[in-house]
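Before anything else, here's the structure in question.
Chain IDs A, B, C, D and E follow the sequence of writing; residue 1 opens each chain.
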Amino acid sequence: MISLIPLFPLIGFLINGTWYALGQSRPGARKASAGLTGGIATLAIFASFLVSLQLFLQLHGMPEDGRVIEQMMFSWMKVGDFNLQMGFRLDSLNTLFTLVITGVGTLIHLYSVGYMGHDETPGKFFSYLNLFCFAMLMLVLGSSLPILFLGWEGVGLCSYLLIGYWYADTEKASAGKKAFIANRVGDLGFLLGMFLIYTTFGTLDFAQLKEVVMAGGHGALPHGVALGTITTICVLLFVGCTGKSAQIPLFVWLPDAMAGPTPVSALIHAATMVTSGIYMVTRLNFLYSLSPDALGLVAGIGAATALFAATIALVQTDIKKVLAYSTVSQLGYMFLGCGVGAYTAGVFHVITHAFFKALLFLGAGSVIHGMHEEQNILKMGGLRSRMPRTFLVFAIGWLAICGIPPFSGFFSKDEILWTAFSSPHGSTVLWAVGAVTAVMTAFYMTRLFSLTFLGQPRFQEAHGHDDHHGHGHGHGHGIHVHESPWIMVAPLGVLAVLSAAGGFMGVPHLSWLEHWLEPVVGAHHGIAEGVSPSLEWVLMGVSVVGAVVGITFALKLYSNLKNAEKLAQSGSGLHKLLVNKWYVDELYEAIFVKPIHALSKGLWKGFDVAVIDRFVVGFGRISQATGQAVRTIQTGSIQVYAFVLGLGLVATVGYLIYGLAR
Amino acid sequence: MDLNPIFFTAFASLAIAFALLVVLKKNPVASAFSLVLVFFCFAAMYAMLDAHLLAALQVLVYAGAIMVLFIFVIMLLAADVPSFDLGRSHVGLRIGSGAVSLVLLGLFVWAFRHTESFGAKGTLTAAKIESVGGNTQAISQLMFSDYLLPFELTSVLLLAGIVGAVAIAKRQNPRKEGSGS
Amino acid sequence: MAWLDNHLLTAVVFLPLLWALVGLLVPGGDKSAGARKAWTLLGSFATFGLSFLLYDRFQAGGAEFQLMEKAPWIEAMGISYSLGVDGISLWLMLLTTFLTPIVILASFTAVEERQKEYYFLLLALETAMLGAFVATDVFLFYVFWEAMLIPMYFLVGIWGGKDRIYAAMKFFLYTLVGSLLMLVAIFYLAYQHKLQFGTYSTALVDLYNLRLPGEGWLSVQAILFLAFSLAFAIKVPLFPLHTWLPDAHVQAPTAGSVILAGVLLKMGGYGFIRLAFPLFPQAVAQYQVAFMILAAIAIVYGAWVATVQPDIKKLVAYSSVSHMGYVVLGLFSLNAIGATGAIYQMLNHGISTGGLFLLVGMIYERRHTREIKDFGGITKVMPLFAVAFMIVTLSSVALPGTNGFVGEFLILLGAWKTSPGLAAISALGVIFGAVYMLWMFQRVMFGPLDKEENKKLKDLSFREVLVLLPLIVAIFAMGVAPNFFFRKMESSVDSFLRRAQRAAVVTPVAANTIEGKN
Amino acid sequence: MMQVEPWLVLSFAATIFFIGLTGVFIRRNILVLLMCIELMLNAVNLTFVVFSRQLDSLAGQMSVFFIMTVAAAEAAVGLGLVIALFRTLRTVDTDQIQLLKE
Amino acid sequence: METANHLIRPEFLSLGADQIHALMPYFVAFAGCLVTLLLSVIRSVNPKWPVLLGTVATCVAASVLSIEQIREPSLSLFNGMMVSDSFSAFFNTVFLATAGMTALASFRYLDRERLQHTEYYVLLLFSALGMMLMTSALDLIVVFIALEIMSLAVYVLVGFRRADRRSNEAAMKYFILGSAASAVFLYGSALLYGATGSLNLREILAVLQSHPEGMSPIFTLGSWLVLLGFLFKVASVPFHMWMPDVYEGAPVPVTGFMTTGLKAAAFATLVRLFLALGFGKAVASTLQQHVHDILWVVAVLTMLVGNVVALTQTNLKRMLAYSSIAHTGYLLVGLLAGGGSDQGFSAVVMYLTVYAIMNLGAFVVLSVLAEQGDTGLNLHDLSGLARRRPWIAFALAVFLFSMAGIPPTAGFAAKYLVFYSAIQAGEIWLVVLGVLCSAISVYYYLRVMVYMYMKEPVGSAAPSRVSFWAASVVAAMVVLTLQVGILPARLVHAAKKAVTSL
């Protein structure tokens, strides 16, 4: 039954993919409508959602400590004692993920039908989207690390394909490649971590692994395994997470990934794929919990990324870039949560983030759609009146991410902040970073919101044009802003409801979620000594106040754009630094890409050609030269020939006589 | 070896001197005549070593037949050659050759000096040979029994030589024969 | 068909040659071109079919060598015509018979000149390759090993690119120099057999029983091992002996490149498996790390150098260096996981790199250039090509779900068990592999379609789809169901490892035996 | 009668032999080269005769007999070749006979 | 007998039936010489066909007789001066076959070159007879006479293109240096005679074996000079200088005959001498050690010089001449190894046979390719040969691959045997150097292939027609090269059989 979940999208992919490749791809072939192809894809993922839902209910009905459904299909690789089963295991953790993936996925598919309505190759697009869902579901459902890795790389591939969807634009294609390669760097860590797990514990299956690791009792190291090994495993795996979930130092690909179509950004680069790192850490929480150092690293990187990305988001002007950095920042939050041992909080934030960030992205997509592919928020403004429905849902998403109660973001973010402060693994510093980030988040989101929807339009508006003139009007004529069609707005509505209400599954102290996840992540770790539980309310208040302050400040500042520019100029150095994203791309280019490229070229020309080949050719040359030299003796003169014969005679006879005389 | 030292020394010196002349004389005719004298010296040596038949053959075959052939060819060709008195080759080669030959000679002489034992003595002592009628008798008898094969082969050789010489020296027929280069 | 039952291997090996000889009767010239192509293709299919019979007869877990044939050949020297197939050579044979029809089909339009010789040589080459895989006598192995140079030499030299002569010469001499030292080692082994057992034999199973002193870096075993390894390392090719490969690959006609990459390089790996490892276990243990280091260097080095290649084919050639580095790495891990992975990687590489060469060949046929900079945005005009290219590229970068992943995963896992550090370095190839392949793919297929010449390119023809389809199917089948392949391989890998690892146990005994014998 | 040591006679023969060999090395006139070879053969003959005497065996003398015959045949063919050569090259100078080299 | 007052031993004056039987091949060959000689003086008809026929018939008949004798036991003849054994019978077959094939292949060539003189065939037979006698001779003086029979005939054959300066020059060089070498050989014989009291190889060996304490210095000198005479004939470095010039200057079929028959004869005799002088077994005495050392160096130099100079050659004929030197080197390896390996000298025998097959084939191809006056044999003249004359190119390719020692050709099997026996004899370094040299050799063989197969044809010279006879010889040699390459067992067996009689 579980296998149906990934199977449906796979079937959708195969149908659309084959149809595209064989039927639509030829130049001059009749292109399929987005409605049909999208319909197939949406149906596939929706079917998957239904199955997920059914299974969720099934799990729900099972006793608490036995909420596992397993399906082993066949042995994937069996070499000696290494036997890798291709199988799925559904438990309380990944059932949530399947629901989010298929649920949000369905909405986004639906949205895409509208968004990609005028695309040249919708068949290709939807097949990729289905393929992505398939891979993502493999990732979360897989019963062992290699299957997770299969999905892990699979989503990377889809991300690559979809970022570079408009391949004719070199920059977009490059962005895809960058994403893939950055992910590959992470995957290397993942792979090695996997190897170390295998050589240490002898299994890669999650259930068996947990059994082996927990054999020594809760919190105790398994027999014969050094803490260092566990730490190494966790760190290596976390390297994989930094790639997939865009953490320092591998986050650079995610902002560029916005080159893809907006639904893709929503689905892959906000709601699902990028959270797989959190899934993996949570899945292996029993390992991470054993290693304080690893947890510290996770939390530290998470916090740092959250803050770092937020600073960049402050000054970005591309609507999707802002959202992208915000995503990086929010992912940092999630890792912060996991890093302090609050896996539930992390997962909680994953879910709420999926709702509101998908909402925000799709909303942004709607804006871009309405603005005829304009993405610069400085050229927007005043869209409230022109796109009222979008405005409404976007506002909900905005409030959710800013952490204004009772919207979903508030609960999950607050949970993370509190645990960052109170958990045994937490600290005031982590909390402080989180809180500052929260303020910044509120600020830049408000900035985005304000510049987009509020104030006066900063674009030249076209008049007298009707919708049916469609897209593609040049800027010279001004643009006719229009609200998006229902097929796009309806999913937004659903997401808005979820963003608004989704937080209630994890209301502090009454958390259904925490209880639900207990079989996987264990009981709540409690709070560190010396932390008063009552502080929770205080901190909650602080963060809400912070958010409100950020919003107010931003609203005030961006009600007049000139003020903002003045402010930017007053700190021009810092501003420039932020606009250029701390020059991280340039730094990587300088210390990795260029040297390796130069080195490669050097090795090729300098070693392959200049040394090895020269040696090889040199051997031939030497032979030839020797031949030429010997040849010169062959003068044609009988005397010389006889003389050489005589020399041979002298030498040999001399040697023999010398031998006798000795 | 019961060789008269005086005669030996005399003939040896003569032979060496003429041999040197063969090599050193610029004019091939001079060389040829020196060679004849060397041959005579050798004949004398053979005679002194009781190889009477060989001494006679040496004079007849070598000094007589072969040398005449040489002189004949020289005369035949000399008429056509502007400078027949070809000198020796390059100085370096000459010095080198001299050195090589001297060293070789030294090595050989060393070997001869250090040879104490020769092969086992045969049965054909002077007395035995005398008993069958002398050197010539003995040789001719052996030729038709023990040495029948080489003797017969010599005839094959001579035949081959004749065919070869004819094939080489046959009058050329320019119409029939192509010229290569 | 009793004869066939008893001589199945002979039949499979020599069928192509026989077919090719008969094919010579087809008169030359353009008129009979169709008949010639059809005949050749039929022959390769017949061989493929026959090799399936072989697959069927081969029993997993049965005797080490199966379907054995043995006939005295040069009795005076104990040389016999002996064939046998095990789980490793079985797959390599199938790979060969699988790729041959594909390259023949792919050559239909690519080769227009001197077709008669061309198809003859292709089939003759197949015989030589198949022979090398099933020979269980070192002499016979060597005969096939060298014999395959001849057709390849002509294939590269006659139908190759601009520098074909240089490339053909380099290929021939490079490989020959290596194998000649192996020949010396073979002499020595054969002689040792006589010394130790009193009879002449060059049969592998007999030579496996030799006891050779293996202590120290330059022991008899070590020297012999190095002599063998030189031949195999050149063929694989292992850094730093790889420089013949880019030239040969680039200059060879498409079919040549495919066969070269697909099968000939496998000879190196196969040689290690069949000869170098089981014959010289102690030396293997001694030089294990050294070879793993070289393999790691090859992986990274090949990938780096591939990155900066301006020529697609050269890039693919260097990628072979990198990929075959994995094979060596896996083999020298000396454990079942690594070895299985290595063998699997050999098959993978045959499929995926073969596929890449075919694709490059197709685009070359249209455009007569292989410079990356001459392309860009090709996806627009050749979407089907793009799909195929993408899939093969993904296989090449070892995306899970494709065949490449299974191989690399197992190899790295196996290597990790032996030497985590080297495995980690080698795993860098995972990154750089993606770098060069995707960068190339991007520059060729993506971006604006801005070159006038490219705008009129035709997408794949039906025939070309037929050429690529089996490979694509294989890519996924091998990625999803490797066990199907492992099943018949398993016991052979086990016995291979048993032989390769007997070092520790045998040492004192071996020393004594040698003392005693001499 | 006084004795002459065999090695002296042998050395004398060797001297003649190497004089002949030197001639082959240094002379440019083909005819003289042929003569030098005759010198060498004579030296060999003398050696045979010396040993024949020394060993009380006639094998040496028999050999000399055959060698003489061969020498005669050789001279015939050799001089034939000289004449043939002379016909085409108009020279007997070995320095002029260097078409074939390297 | 002692009572009789003469030295004649009547038992040598008559031949028994078995002796006559053993001598039949020689008689037939000699009879062939005489018959062809007679035929060639009959002026009434054009004698070229009858002479050719006679020559070939002689060769066929005599070689059939010889083949039969390979199985028969050894028989000492003429006071032990010659022996009819498997070894000589084996080589007699090789010589006769070579001569017959050469005669066949030369026919059209001679016509084309306007050299169709019947003496050619007569001399061919004479030299074959000389070779036969030389390999069966057990007496140094018989060896010498046979050597001269062979050489005189070959001198003339080399210079057979009388109007050609190059041919004349080659003959002259060969004659002068050959005679000098003969003199050296004779000097060696004389010294051996002095040291042992005999010229008979068996007796010399007996004397040697009865003196385990070592022989006198003149024995050392003598044995070396005797060997040297033959090292000259087989053209081993540094006694090789004559050979490229002679091979280049001689008419192509004669060159082919020299590289095959003459070389085989010289080497076969060298093997006999080698054994007789006590070098045929594992190294024991210092003399053996020193001769071994010298031969070791000579072998390496020969392989090296032959191959590296061949690299620089652009004329096919001359290139094959140098390659012939290189092959001498491999043969010397086999010679050195013969004593110490189980294979004995069978490796040498095998190699000689194979070399004769492939080289004969190659030179017949060359004779077909050559234009008037043996020109047109430069590498670039071969450009695109595979297009113009595919079968000829194929044949040449087979021969060249065989010479390079690439399986599945005969050359590989032969090289395998030689190097294998060298390994057995412990000559590992020699083998390593040998294979490296043969790697060098591959380059120049392949270069010919490059011209034939990979270059476009130049010009459009109408190919001269290949005579049926030459074509059949080439075809036969191709088949033999491949057959021996694929199924060498029979030849290996025959070679082993041949050397057991030594």
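In the analysis below, a contact is a pair of C-beta atoms (placed from the backbone, for glycine too) under 8 Å apart; a residue touches a chain by one contact, two chains touch by 3 or more.
For clarity, every value in this text was computed on a predicted model and none was experimentally measured.
Counting steps between touching chains, the shortest path from chain A to chain D takes 1. Listed here as common contacts of chain B and chain E: A, D. Farthest from chain D in terms of Cα centroid separation is A.
With centres computed from CA atoms alone, C is the chain lying nearest the middle of all the protein shown. Ranked by separation of Cα centres from chain B, the top chain is A. Between the chains B-D lie more C-beta contact pairs than between any other two chains. Chain A and chain C have CA centres that are 37 Å apart.
Our note on geometry: chain A versus chain B, Cα centroid distance of 102 Å, whole angstroms. Chain E has its Cα centroid 78 Å from the Cα centroid of chain A. If you average the Cα atoms of chain D and of chain E, the two centres end up 26 Å apart.
Residue positions of chain D touching 2 or more other chains: 10, 20-21, 24-28, 33-34, 50-51, 54-55, 57, 59, 62, 66, 70, 73-74, 77, 80-82, 84, 87-88, 95, 97-101.
Counting partners per residue, chain E has 141, 145, 148, 152, 155-156, 159, 162-166, 172-173, 176, 180, 193-194, 197-198, 217, 220-221, 244-245, 443 as the residues that reach two or more other chains. The residues of chain B that reach two or more other chains are 89, 93, 96-97, 100-101, 104, 108, 110-112, 114-115, 118-122, 124, 138, 142, 147, 150, 154, 157, 160-161, 164-165, 168, 172, 179, 181, listed in rising order.
Each chain pair that touches appears in this list: A-B, A-C, A-D, A-E, B-D, B-E, C-E, D-E.
Interface residues of chain A, counted against chain E in their complex, comprise 620, 623-624, 626-628, 630-631, 633-634, 636, 638, 640-642, 644-645, 647-649, 651-653, 655-657, 659-660. In the complex of the two chains, the chain A residues touching chain B come out as 637, 639-640, 643, 646-647, 649-650, 653-654, 657, 660-661. Interface of chain D with chain B (complex): residues 1-12, 14-16, 18-23, 25-29, 31-32, 34-36, 38-39, 42, 45-46, 49-59, 61-62, 64-66, 68-77, 79-84, 86-88, 90-93, 95, 99. Taken together, the chain E residues at the contact with chain C in this complex read 342-343, 346, 386-387, 401, 406-408, 412-413, 416-417, 419-420, 422-424, 428, 431-432, 435-436, 438-439, 442-443, 446-447, 449-450, 453-454, 487-489, 492-493, 496.
Chain contact summary for the complex, chain C toward chain A: residues 170, 173-174, 240-244, 246, 301, 304-305, 307-309, 335-337, 340-341, 377, 379-381, 383-384, 387, 394, 399-401, 405-406, 409-410, 412-413, 416-417, 420, 423-424, 427-428, 430-431, 434-435, 438-439, 442, 445-449, 459, 480-483, 486, 490, 493-494.
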